[in-house]
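In this document, chain identifiers A, B, C, D, E, F, G and H correspond to the written order of the chains, with residue numbering beginning at 1 in each.
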Amino acid sequence: MFTLATFIILAGAWLLLSGKFDAFHLALGGISCLLVALISQDLLFHERKKGLAARCGEAFRFLPYSCWLLYQIIVANFHVIQLAISPRLCERELDPHIFTFKTRLKSDFAKFVLANSITLTPGTVTIRIDEDVFHVHAISRKAAGDLETSETMSEMERRVAWVFEGRA
Amino acid sequence: MHGNIADSAMEFFFILSGVLLLLFMFMPLYRAIWGPTVIDRLVGVNVIGTKTTIMIVLIGTLYNRVDMFVDIALTYALLNFIASLAAARFFQRHKEVGLAEDRAGGQSC
Amino acid sequence: MTAAQFPILILIIPLLAAFAISLFGGRRDKLAYGLLLAAMSGSFYAALQTLLLVLETNIPIHYRLGGWAPPYGIELVIDHLNAMVLCLVSGCALLTAIYSLPTVRAEIPDRIHHYYTLYCLLVTGLAGMVATGDAFNLYVLLEISALSSYAMLARGRGNAYYATFKYIIMGTIGACFYLLGVGYLYIKTGTLNMADLFRLLAEEEMQQSITIRIGFILIMIGIWIKMAFFPLHGWLPNAYTRASTTTSCLIAPLMTKVSVYIMLRLMFSVFSVEFVYGVIPWHEQIVWLASLAIVAGSISALAQRNLKKMLTYIIVAEVGYMVGGAWLANESGLAGTVYHILSDALMTLALFMAVGAIIHKTGKSSFAAMEGIFRKMPVTSAVFVLGGFAIIGIPPTCGFFSKWYLIRGGIETGQWLFVGALLFSSLINAIIFFRLIERAYFGDLSGHGHGPLPERDEAPAVMLVPMVVTAAALVIIGLYTSEIIGRIVLWTIPAGL
Amino acid sequence: MEQLPFLPATPALAILVSLLAVPCIYLSDQRPNLREGWTFAAAFAKFFLILSMAEWILAGNTHTYELCRILPGVSLSFTVDGFGMLFALVASSLWIVTTIYSIGYMRGLNEHAQTRFFICFAVALSATIGVAFAGNLLTLYIFYEILSLSTYPLVTHHQDEEARSGGRKYLTYLLSTSIGLALPAMLITYTLTGSLEFTSMGVFPADTAKPLLTILLLMFMFGFAKAGLMPLHSWLPGAMVAPTPVSALLHAVAVVKVGVFSIVRVLTGIFGIDLLAATSLNTLICVIAAFSVLVSSLIALSQDNLKRRLAFSTIGQLSYIILGAGLASRLGVQGSMLHIAMHAFGKITLFFCAGAIFVATGKKYISEMVGIGRRMPVTMFAFFVGSLSVIGLPPAGGLISKWFLVLGAMEAEMFWVLMVYLASSFLNAAYFLPIVYRAFFCSEEEAQFERKVAEAPLWCVVPLVLTAAVSVLFFFHPQPFFDLAVMAVQGR
Amino acid sequence: MLNIVVMGLMLLGLFFFFGTSVGIVRFPDFYSRLHAAGKGDTLSSILLLAGLALYNLHHLSVDAILVSVKILFIIVFIFIASPTATHAIMDAGYEARVKHWVKRKTPKEPWPGEERRRQERHP
Amino acid sequence: MNWDASLLWQFDVLIITMVILCAVAALTVRDLVSCAIIGGAYSFLMCLLWTEMLAVDVAFTEAAVGAGVSTVLLLGTALHIKRKSKD
Amino acid sequence: MKKIALLITLAVGALLILAAEDFPRWGDAHAPANDYLSPYYIEKSLEETAVPNIVTAVLADYRGYDTMFETTVIFCAGITVLTLLRRTQRKAPKAVRPRPARQGADVILQSASRLLVPVMQIFALYVLALGHHSPGGGFQAGVILGASFILLALSYDLKTMLARLSENTLLRLSALGVIIYAGIGALCLLLGDNFLAYAALKVFGFSEVMAHSHGILGVELGVAVTVMAIMFSLYVDLASGGDLDEGL
Amino acid sequence: MADFLPYIVAKYNYWAALVLLLIGLYGMIAKNNLLKKVIAMSIFQSAIILFYVSMGDKKGSTIPILLHGHGEHGALAIDPSQYANPLPHVLMLTAIVVGVSTLGVALAVLQKIHRVHGTIEEDEILESIEE
């Protein structure tokens, strides 16, 4: 089941990569995908609790999230660039510090997405995840934003939760 | 190789951006070579790696054969972080990044 | 498959055997050993057939790999010299393989099959180097033999690692110099095939080209590093001394000899006689250097108190013989070099085997191990004596005849320094060996501190048989010198000399 | 150069026969009688093989047998001519005698490693005959080297420190000269002339530069150091540590004679007497040899150890032979060839005597041998005969050869050589006759021996009587050897 | 038109990269440098690659689209790999207790590793 | 003077400078881990140089080897040896 | 030592500088290096082997013999490292101190590598299969495959990875790859043609050109398998110091 | 001087290879630390690869992969000067592989050395061997 899903995903990747649609290359692709699917079937879908349908939903919800994330990245990048380029601003605002917060996300993959999102958003980097506790390094108070301040869930975490756990 | 004026202008632009990229690469390179700690070097090298990926695609574009170069870039994108990961793993075992000695080493070169 | 396929079989049999051993040999040592023996015998048989074929027709065999015509594809070229060296390589490998089992079991505690895999690969590399007709292919095979020899040397007794490391560094420098030199040739000619290179380099313009000259110098330096020619010999003694018995029995006779062969091959099948001796005006100086190598090697050997180390320095001196002979720029010198490849390989093999057996039985490798060894191991010590005689150059062993040609070559060109060095090293060798023979046969009986006479404790037959065969070969080849010189060696002398 | 009417391989067989005995001797290690039986068999076989050719040779023929081509242009070949036959006859006949003697000696002293002893002896004899029949210089060289190596274990036989150092000295001198001088000289010759065959005309073209010839000549003369020419002689007294049969072999038959034989062969066969005379190089040879003759005789006078005195005497006598050849006259060469034979029988007698004395009494020094003639009359009488032969007095063979040498000197008109011969003969007499005198003619009180001391075992005594007898015989009947020598000079 | 968009994207990318590079050189400690590297690098790469992918589409064909898709693949991989690498490096530095630059004027609460390290340094 | 042998000589010059800097640095830095890491940068840049010289396959290999394997191997070895070098 | 080294270096430098003047101009299309053999390859490779990537064609066909030994070199290196480092007795003290166990700490790395590894593998196989048409081929594919395993071993740990792909499997695979290569060569030999002459494979019903093409593919497969196994095995041995329990 | 400048500049690829080669060679001989030697070895090898690769470069050519659109069997004539020389690339692929193999072996031996001698500094190893 999951192997099949893996196979299909890989086959898609193969088609996009190869760009050859004659029988010989397709056959080669089929063999390759089968091989990889057999070797790595437990990698792509690590958690077997969720069904495939849920996965599809996640994938669909992930798209708007990534757009939002891109927007966040660009906005925040300007901040870092400002810090880097202007000495005065650097003097005033640069204030690296580390803070922690506890997440409510359950699955590893969601945690991973959150951590990477935090990292991608300029100004903050996830250092490590201890069980549920995120250690985050921020370059300035401003960059830390509501991750540090919010009592319950920051906006980013909420969005990730929406993607993976269907909660708003 | 390139027919119209727009293309040659683009070619010039690509060369220019390539040169700029390479010039900017000197800054991470500075970190990689002089960077006081090992981790600083790692940061520098990581950036250089990413930019190499782009440079390869850029060169491919300049040679008009992106389809051939893109595979290499893809490899880079996939493999680039293995080295960083390995180094990170390394420091999980060896706790010191060698601040004091390293600075001396940095100055010697 | 017809007779025409024999040249490739020499290489392919050990190669496939290497993989087979690594796959199946892990289960039982005997299986690995059996596979090794089978492979080596097959390879030797193929080499012998090839030699006979060449002797029959007197024209070189060209074997096209992949069926592509030479300058485009790679070819194997087997001429008289090749065929002889191939026989030598596979023959020595076969003998050492037979010999190996007891010592390997004693010295290499685990994963014998991997050791044998490397053994096969080394033989493949050496044979491939000899057979190939392509300058770059030579590099690849050089690296195969180098890598496998690194591994075999590192699995020595005690800590061979530092010596191996030095060897790796030197070997890489050598191989890279060779590669660079080939690059220089390629940039001027655009080809890698040896015959093609020969054709192109014969042109006047090429003869004058400084690139070609520098390419030649680089190649020569590279090969000299590989063969441990005098100022570049530093890596050899330590590496070989600490190697395990079988390793040194395989590597010591073959490695340097094959390098010498390659030097000859490149000198005369890639470059030409006129180029090597005419355009590069240094052959006299090189002969002086060779004389220095001989003297230095002999004196260092005299200073040693360890049997194997002493033998390694003798190898250094012998390399000087061959390089000097090749650069004497006359027929006798060259014939001497070619013949010495044969005889030196055999005598080194005999000596290393005998010393290996002695170490195997006594556990010592210092001179003290030789004390009264004749009573203990008469056959082994007889082989040792015969090998020593060959090294000294006592007729009718083959060592005498190669030396005969070398000295004659030196006299013909008036290189008295070289002649002197050869004679000097013969004398030093005589001192070295008779010092040992005295210990082995005439240990002091005047009776202080001697217990009862040692019991007879000879090495097992597996070790004795190859030893005796080698020792017999020393004499037989000596007696058939005329045949060998006339039917093989003289064919290898390039035209124009 | 016709072929032998029967079995052309006879020379090779003569060489091979004692080699074939080697494995037999080795295998009968535990049974001494069988072992020595093999040795005898080989010795007789060898002697008769050689003898079988003698008649053919005496008829004025030479026989050449080429075994194999060892190098292109040079083969392993055997030529039997008068000179070689003469030497081979001497050597092989003396081997029989020596074998008898060594059985007595070795068993008498209960020596160790007797098997090795006999094996090496057999190999050494093979090599000696090989040198005698060598058809060219390379063959000669090969057997020369084999001889050096096979006698080394004999010299070191006792395996104590003295023997080992003697052996070391022996090898160092012989190998370093043969490898360092003879081999390059041979190669230079080959390079210059392209031939190593012995021919009576010599191989060198007449216009060869004289300095080169001189150098080559010196290299050959000192290269064959077995001849014990003076600066390179000291291995010989050193090698006296060997058991006496070996010393006898070394100093009378095989080793030293091989040295002089080689030199004479080179002088006559490679250089050619005519060339030597024409370039007056022979004077050089004579000077060196004469120096050696005189000095060694003087040294011999001062030696107290009997064997050492004999050794120095040998050095002198060997130089006689070279001197004779160096005269470059036919009679001189004949004389030197004869002297090889005559001296061999004389000297071996002396050595046998020395050995017999050692076996019977354990004495080595001359000063201890006062009055020994009364206890061992047979031995000492043989000793007397031997000394007569060596000095050159009748009725012993030595006179014949010396006579020819003197004639040769006169023929060559080198009268100072005559003086040398005379002076050295006096010296010979001076160091031999006192021994004999003191052995027989001392007063009863002076005698240092117990009553019970008697003759050595029969195995020891018989050979020395035999050789002494032969020495005397040659005085009366030198004809066969004489013929051979004449043919050797003329036939080539 | 396409060219102008391409140029715009790439210039923007170059600008971000410039900022990143300056940041890498100028920032006082390793953590903040890593910030600059991790973000600016990713973003500038994405922009540059997007520009190139677009330019590639200007001879429109199936092959060209596939190539652009491949470039998109690269973007995705950078998107995944770069933050992961950043995180890994940061974690390593944190584990190795690299000294952490703190603004001198307003001393903040000690970061978690601070206390322990001080004890180790001055026992 | 027509010396821009390669189309992209500007790239060449810059990359070569960086490559040489990296080579020198890799051999002078005293920390062996740094050595390995700078070696990684060296191989990236070398790969770039080869790409630019049209040797795509070589560059591909170097990319795979340099980024994926050789640096990791060096680091893996550094785990087992002393990190500090005298020179 | 340093001075001697400097001297040697300068001497070699001087030697190499000497030749520079004689070199053909850089980029000269009519330099001998570019004018003699390579036009043949460029013009004929497609025609004779149906492989547009000339490098692949030359590598695996015209100079396939070289490449076979190149693969053997890799195999040899793997065996060497294995035979040098790997310990049999586990009694010996650990070469590497264990990594501090941090529960759940590696979530990010593991998730990322779970995402990347299958893609890397399929990409590697793509590189292998499309080596005829675009850069890449067996070696590159092998390295990427090996790297994907290295990545897994890095983000999880060595033991987990070795449970998936044990050291014996690795060894077998590495030998298998070279056997595939040499076996194809030997098959040609058995079919009556020269060693590695893929044209002999036409008995399987290909045209001669396609026989070459498929021969190349098969050979590249062998290369990839060996390289993959050996690259990972090198990592395993070097990083764990031969213990096979704790890696980087 | 006017001749000299183009001489220097026009072969900058060669000079780069040369400089790297010499750096590598110097490092291999002079460096005391064995790992440094290994790294110098890699540099040395890559310098040679650079030399070969730049040899195959042709002005105004493209990568040695035939452009598609010729049809499967190259009905159109192919202009060799349009493609870079593939042969050096082939050779250098092999050389890279050899380089990696040597690197692996050297590192393995290095680890063994460290295990035996406790150091990888050459002078210290020599001392410990002499003891």
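Everything below uses one rule, namely that contacts are C-beta pairs under 8 Å (C-beta built on N, C-alpha and C of every residue); 3 or more make two chains touch, one makes a residue touch a chain.
Just so it is clear, the structure is predicted and the values come from calculations on it, not from any experiment.
Student: Hop across touching chains from subunit A and tell me the fewest hops that reach subunit G.
Tutor: The fewest touching-chain steps linking subunit A to subunit G number 1.
Student: Imagine the assembly minus subunit C, everything else where it sits, and name the touching groups.
Tutor: Components, subunit C removed in thought: A, B, E, F, G, H | D.
Student: Applying the touch definition from the top, give me the chains sitting in contact with each of subunit D and subunit H.
Tutor: C
Student: Taking each chain's centre as the mean of its CA atoms, which one is most distant from subunit C?
Tutor: A
Student: Measuring centre to centre, with centres taken as mean CA positions, what chain is farthest from subunit G?
Tutor: D
Student: Comparing B-E against B-G, which pair counts more contacting C-beta pairs?
Tutor: More C-beta contacts join the chains of B-E.
Student: Measuring centre to centre with CA averages, how many angstrom lie between subunit E and subunit H?
Tutor: Distance between chain centres: 31 Å.
Student: Take the average of all CA coordinates in subunit F, do the same for subunit G, and state the distance between these two points in whole angstrom.
Tutor: Distance between chain centres, rounded to whole Å: 19 Å.
Student: With centres defined as the mean C-alpha position, give me the subunit A-subunit E separation in Å.
Tutor: Here the centre of subunit E sits 15 Å away from the centre of subunit A.
Student: Quick one: report the Å distance separating subunit C from subunit D, using the average Cα coordinate of each chain.
Tutor: 43
Student: Considering subunit A alone, which of its residues make contact with at least two other chains?
Tutor: 17, 115-116, 126, 128
Student: By residue number and range, which residues of subunit B touch two or more other chains?
Tutor: 25-26, 42, 44, 63, 67-69, 71-72, 74-75, 78-80, 82, 85-87, 89-90, 92-94
Student: Residues of subunit F that contact two or more other chains, please.
Tutor: 5-7, 24, 36, 54, 56-57, 59-61, 64-65, 67-69, 72-73, 75-80
Student: Mind giving me all the chain pairs that touch?
Tutor: The complete list of chain pairs in contact reads A-E, A-G, B-E, B-F, B-G, B-H, C-D, C-G, C-H, E-G, F-G, F-H, G-H.
Student: Give every residue of subunit F touching subunit B within the complex, in rising order.
Tutor: Contact set of subunit F toward subunit B: 7-8, 10-11, 14-15, 18, 21-22, 24-25, 28-31, 33-34, 36-38, 40-41, 44-45, 47-48, 51-52, 54, 56, 59-60, 63-64, 67-68, 71-72, 75-76, 78-79, 83-84.
Student: What part of subunit C is in contact with subunit H in the complex they form?
Tutor: 136, 139-140, 143, 147, 150-151, 154, 159, 161-162, 164-165, 168-169, 172-173, 176, 179-180, 183, 186-187, 192
Student: Provide the residue numbers of subunit H that touch subunit B in the complex, in ascending order.
Tutor: Listed in rising order, the residues are 60, 62-63, 65.
Student: Help me check something: in the complex, which residues belonging to subunit G touch subunit C?
Tutor: By the definition above, subunit G touches subunit C via 15-16, 18-19, 21-24, 31-38, 40-41, 61-66, 69-70, 72-73, 75-77, 79-80, 82-84, 86, 88, 171-172, 175-176, 178-179, 182-183, 185-186, 189-190, 192-199.
Student: If we count contacts the way the header does, which residues on subunit F are in touch with subunit G in the complex?
Tutor: 5-6, 56-57, 59-61, 64-65, 67-69, 72-73, 75-77, 79-80
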